[in-house]
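Next come two complexes built around chain A: one with chain B, the other with chain C.
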Partner chain A sequence: MDSDDEFMSGLSDDGFEQAHDSDDGSMADDEEFDEDAGFSQDKDLKPGKKAYEVDFKVFSPKDIQSHQDKQIDEVSAILGQPSEATAILLRHLRWNKERLIETYMERPESVLETAGLGPESVQTPTTKVIKGFTCEICCEDTPGLETYALKCGHRYCVDCYRQYLAQKIKDEGEAARIQCPTSGCNRIVDSKSLDMLVAAELKSRYQVLLTRTYVDDKDNLKWCPAPNCEYAIECGVKKRELNRIVPTVACACEHRFCFGCTLHDHQPAPCSLVKQWLKKCEDDSETANWISANTKECPKCSSTIEKNGGCNHMTCRKCKHEFCWMCMGLWSEHGTSWYNCNRFEERSGLDGRDAQAKSRQSLERYLHYYNRYANHEQSAKLDKDLASKTNVKMKSLASTSGMSWIEVEFLKTASQTLQTCRQTLKWTYAFAYYLQRNNLTEIFEDNQKDFEMAVESLSEMFEKPTQELAALKVDMMDKTSYCNKRRVILLDDTAQNLKTGEWKFNVDITMGP
Partner chain B sequence: MAQKRIAKEYSELQKKPLEGMKISLPSEADMHQWQILIDGPKGSPYEGGVFTLHLSLPTEYPFKPPTLSFKTKIYHPNVTNDDKGSMCLGMLRADEWKPSSKIDAVLSFAKALLLEPQADDAVEGGIAREYKENKKEFVKNAKAWTKQYAKR
Partner chain C sequence: MFASKRLGKIQKSLPPGIDLVSAPDFKEWQMDIRVLDSNPLYLNQTYRLRFRFSNNYPIEAPEVTFTTLTTPPRPIPIHPHVYSNGIICLDLLGTQGWSPVQNVESVCMSIQSMLTGNTKNERPPGNEEFVARNTQRPRDIRFVYEDSSV
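After this line comes the complex of A and B, so read on.
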């Protein structure tokens, strides 16, 4: 059994308050989350749920905290361990509840030992003054020194303990796995001890770090990657499903991102294509492609030469070698017949030409998709600049036309729609670059064309001077909803075919382990 | 805070020196920089040589680990073969270091490493491979380097 799945379902039914939810809400059907059919047919047929949508929940820091506490309480009751120790055990086993309970029931001592909760030699730990004590860390032996020891009994002065904890938390960002300062002792510093020893500021940092490990440790939870956002998203889509689904989620902060790779929303292209595409665009390989398509090498000294005039009679700048651009042969052999290069059909010349044509074709194909991809990226940026002016526009429109603030809201909606649509359009081009041609591709391109036309005409309207906008209100609202509709149609179609594995790609789209 | 502990460790090591090691301070004013002369252990390819090591104690010591480096060139999988001669493994790593660890343990660790290199945690991959696959060749090279660089 895949304990992940099991645990997932355990998560969703404890039903604490949810901050935000995907369009159709409920995670209830996750209880029947089947191992191999993460997105079964039944689920697809649920009314209102599109093929490209995934279920997810947004958690605030408070939610995450209470979620953690709840898990700890639950497991604490089962194991009969105090909640401090339970928290350490859960963190040690990366919050895998089932595995913890199972292994604990089998051999409790060894689980406790490896988690850093070995046999106890001292009762409730408190700070103490001990006569004749010398701290092993700082070698201080002043009478009246406050000391502290974890349950393992290794005692140090409180100052050293504080400095040790401060360094671990502040400098090393460590929380759940801070051990006793004694070399060879793996006893974990529990948060009760920590509370007693450190200043309030460090305590809160410690809590933040603990919460972070909770989210980091679990596959179905991810932090929203938006800067300064403190929310986390829960989504049940697994890594191995990423070649069949593009799990776009939206945080409460409005940031839309892919749960699979945490990059910005890249529907309809699956994560692995996105990775390959970005790498391709980044690589200099395309520059090399350009060179091979537009230049030749001097047959004598191999300098790279770009033809800059019409004449085929080339003279290498470097070695002064004279040759024919057409057949790459010696110019002297051409005599006066250069204009009708009779070596053109020669085998070697033919091969050379083929190689060059092929390279040129692949370059042109790439550039076709890349230019459109880059154009939407650029346009989205421009639209965004425009959006920042939207507020100004809305105000000015409200004042000139006598419309109320609510009535000019359509501008904001239009601007947001433009952003989302451009983002999707951009990725349709990367997606198409990797598609093999067949009937489905034709349908896809038709959808893409309709969608793109709609978006461009909305974008055009959006740029109109403010005084004309009032008259365009109805048109613009229509266009906005039409754009959304076209986007849904395209995404639904691509997602559907991705799920069923209908698309034929010209690269491998299975994600690595 | 660190001063007291460092002074104590230093005087203890002077009183009860580790076998085959001589410790001194290059500058009396700076307790954080130590010089160690270590004899190549018997039975190792370093036998007969004497190696100069530098031990540097950070200001955060003992909360952060000391750094140990070979000033004498040495043919060893765990010591970088450059002018730094640095080592980074076991208790010398920040995440494994504990404030209660002592310098004598660090030095004993270094000596043990001369007797038995840890090829799986190597900084010099080539030497590590040779150590694992062609011990004879490794011993020959290590001996030659000892003769050349670590003469008494």
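After this line comes the complex of A and C, so read on.
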């Protein structure tokens, strides 16, 4: 799903149409559609879909526009309504075509009324000069004043109308639901009227806003969250499926993100774990680190104590337990050796340290996973810096070794692979933190270990000075493909078990409403 | 331009309990309103409203707040939609609820009837914090119009 071919096929008009028709279909339906839509030639070449892959399509703003138009035309033909009215109706019902047709067939008047279309009359909008007219907005009553009214008949001078629409579009960013200026009148300004009234530069803004509402309204469409990216992604994964699948999608701009929560790709961890993990890290990490480094717990009541000076004779403020800070044993057994503790082997000290160790365990466990998570995050950042230097490296390698640009492409591939793999590795640690220990966890950790070793060795190779890289080319290409392989194995295994509900987590992973 | 026509219109006929205090320009007007029935919360009180108009008025809603004055006494009326700093939470004053057909007179009447119908001797929930913290212009505040009955 990372290949360019996937994007290209996704952009075909044909695919677009079909995909929307299977709106309510499950993932399996989508797969069927792939075959129906004539991708059989691809199918033979493409290896089977992995458990962690989801079907998705990338749409450019133009695709989105043309698809809107297509749907409007189609529904317009069924309802026998002009396309402007149909567009309003569709937006009113958040692009739920089936529901619109159904309710319209049952009671057309009420549907039209609630969508702000009122009693129907088909005519092209024109401005009129009305004798003895006073505009209620500006109180202007000059003879010959151009006026306009929507079908509701609320008439205002064209100047006021223009200003009103400009205000709505420009300042308030409204498009699909601009109403008649009359207070309480919910007649919606249709695009034909708008076209006639407003200036050209506002029209394009209006179209942009309309397109935006289209994507916002549809559950199976989302904007790519990358800065300045104009593409939208279509994916059939529903919110309720998010505890069974991690729908990572890749935009045409190369940004990889989760369709469920629009955060950066976080496979293999499901959205709800990611949310809990990020919250925990935000709340706990620094605190936990500090507590771990600077405090001990009272051996009796486990209150956390910071020793900020003084002797080793501790009296817990809470339970009044007296103990030695050094050996954690009873103070009463210390006799008179006030400032030195040499009682490490004594029974009470051992017990004290045991209790200490136990209560520290959960903290240490969290830190274990957190540190590895944070380390990969940091490494990914460093690798990214490295990637920006990759280009320089490629150029210098091409010139020093006499290799062609295509021959040094392996460096770019390696750098991209490192990025993706680090991202995955990072989330394996958050995932593992929430896992209960069982056989599956062992397999998971083995996979994780293999994967991590592969990534680290590629990373190390990548940092070698440029002059050594030419000799390492074959080795590096092997390592790159090995990393990818390990990643696929790990993701496939986790995704499969997630789908079948095999993982046992120590928290609830069902998403809230 | 059009504001002058509107001003002429308003001086001709103002409903009872609503008076124009000053309209020196088309930027800021002062209005006085009184509640006409015997609602004990507002009995024998007059309140001062300040209207501020942008260049875009009446396409854009005016900023309308209560202001205090010692002579003549003009307090801030107590009402679950009126903050103690005079900011009014009324949907027709926000971008969503405003219609360019509204005018100073109709806004005054709406506020007048908002007071008339009220029986609760209280400020909006979270009044103290809002008054202490708010630095936004009233029209930029995102009020939640949760209760249209008051």
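To be clear about the criterion, the second predicted complex is superposed on the first by the 392 of 513 C-alpha atoms of A that agree within 3 Å, B and C clash if a C-alpha of one lies under 4 Å from a C-alpha of the other, contacts with A are read in each partner's own complex, and residues count from 1 in each chain.
Here is the rule we go by: a residue touches a chain if its C-beta (ideal position, glycine included) is under 8 Å from a C-beta of that chain, and two chains touch if they have at least 3 such contacts.
Computed from a prediction, not measured in an experiment: that's the story for all the values here.
Annotation for the three-chain superposition on chain A: chain B and chain C clash.
In the superposed model, A:236 makes contact with neither chain B nor chain C.
Once chain A of one complex is fitted onto chain A of the other, the partner contacts of A:247 are absent, as it touches neither chain B nor chain C.
Using the contact criterion defined above for the overlaid structures, shared-chain residue A:270 touches neither chain B nor chain C, since it reaches no partner. In the superposed model, A:172 lies in contact with both chain B and chain C.
Residue contacts after overlaying the shared chain place A:329 against neither chain B nor chain C. Across the two superposed structures, the residue set of chain A contacted by chain B and also by chain C is 136-140, 156, 160, 163-164, 167, 172, 181-184.
Contact residues of chain B toward chain A in the complex are 1-2, 4-5, 8, 60, 62-64, 91, 94-95, 98-101, 105.
Remark: chain A residues 136-140, 156, 160, 163-164, 167, 171-172, 181-184 touch chain C in the complex. Per the touch definition, chain C reaches chain A in the complex via residues 1-2, 5-6, 9, 56, 58-60, 92, 95, 98-102.
Listing the residues of chain A that touch chain B in their complex gives 136-140, 154, 156, 159-160, 163-164, 167, 172, 179-185.
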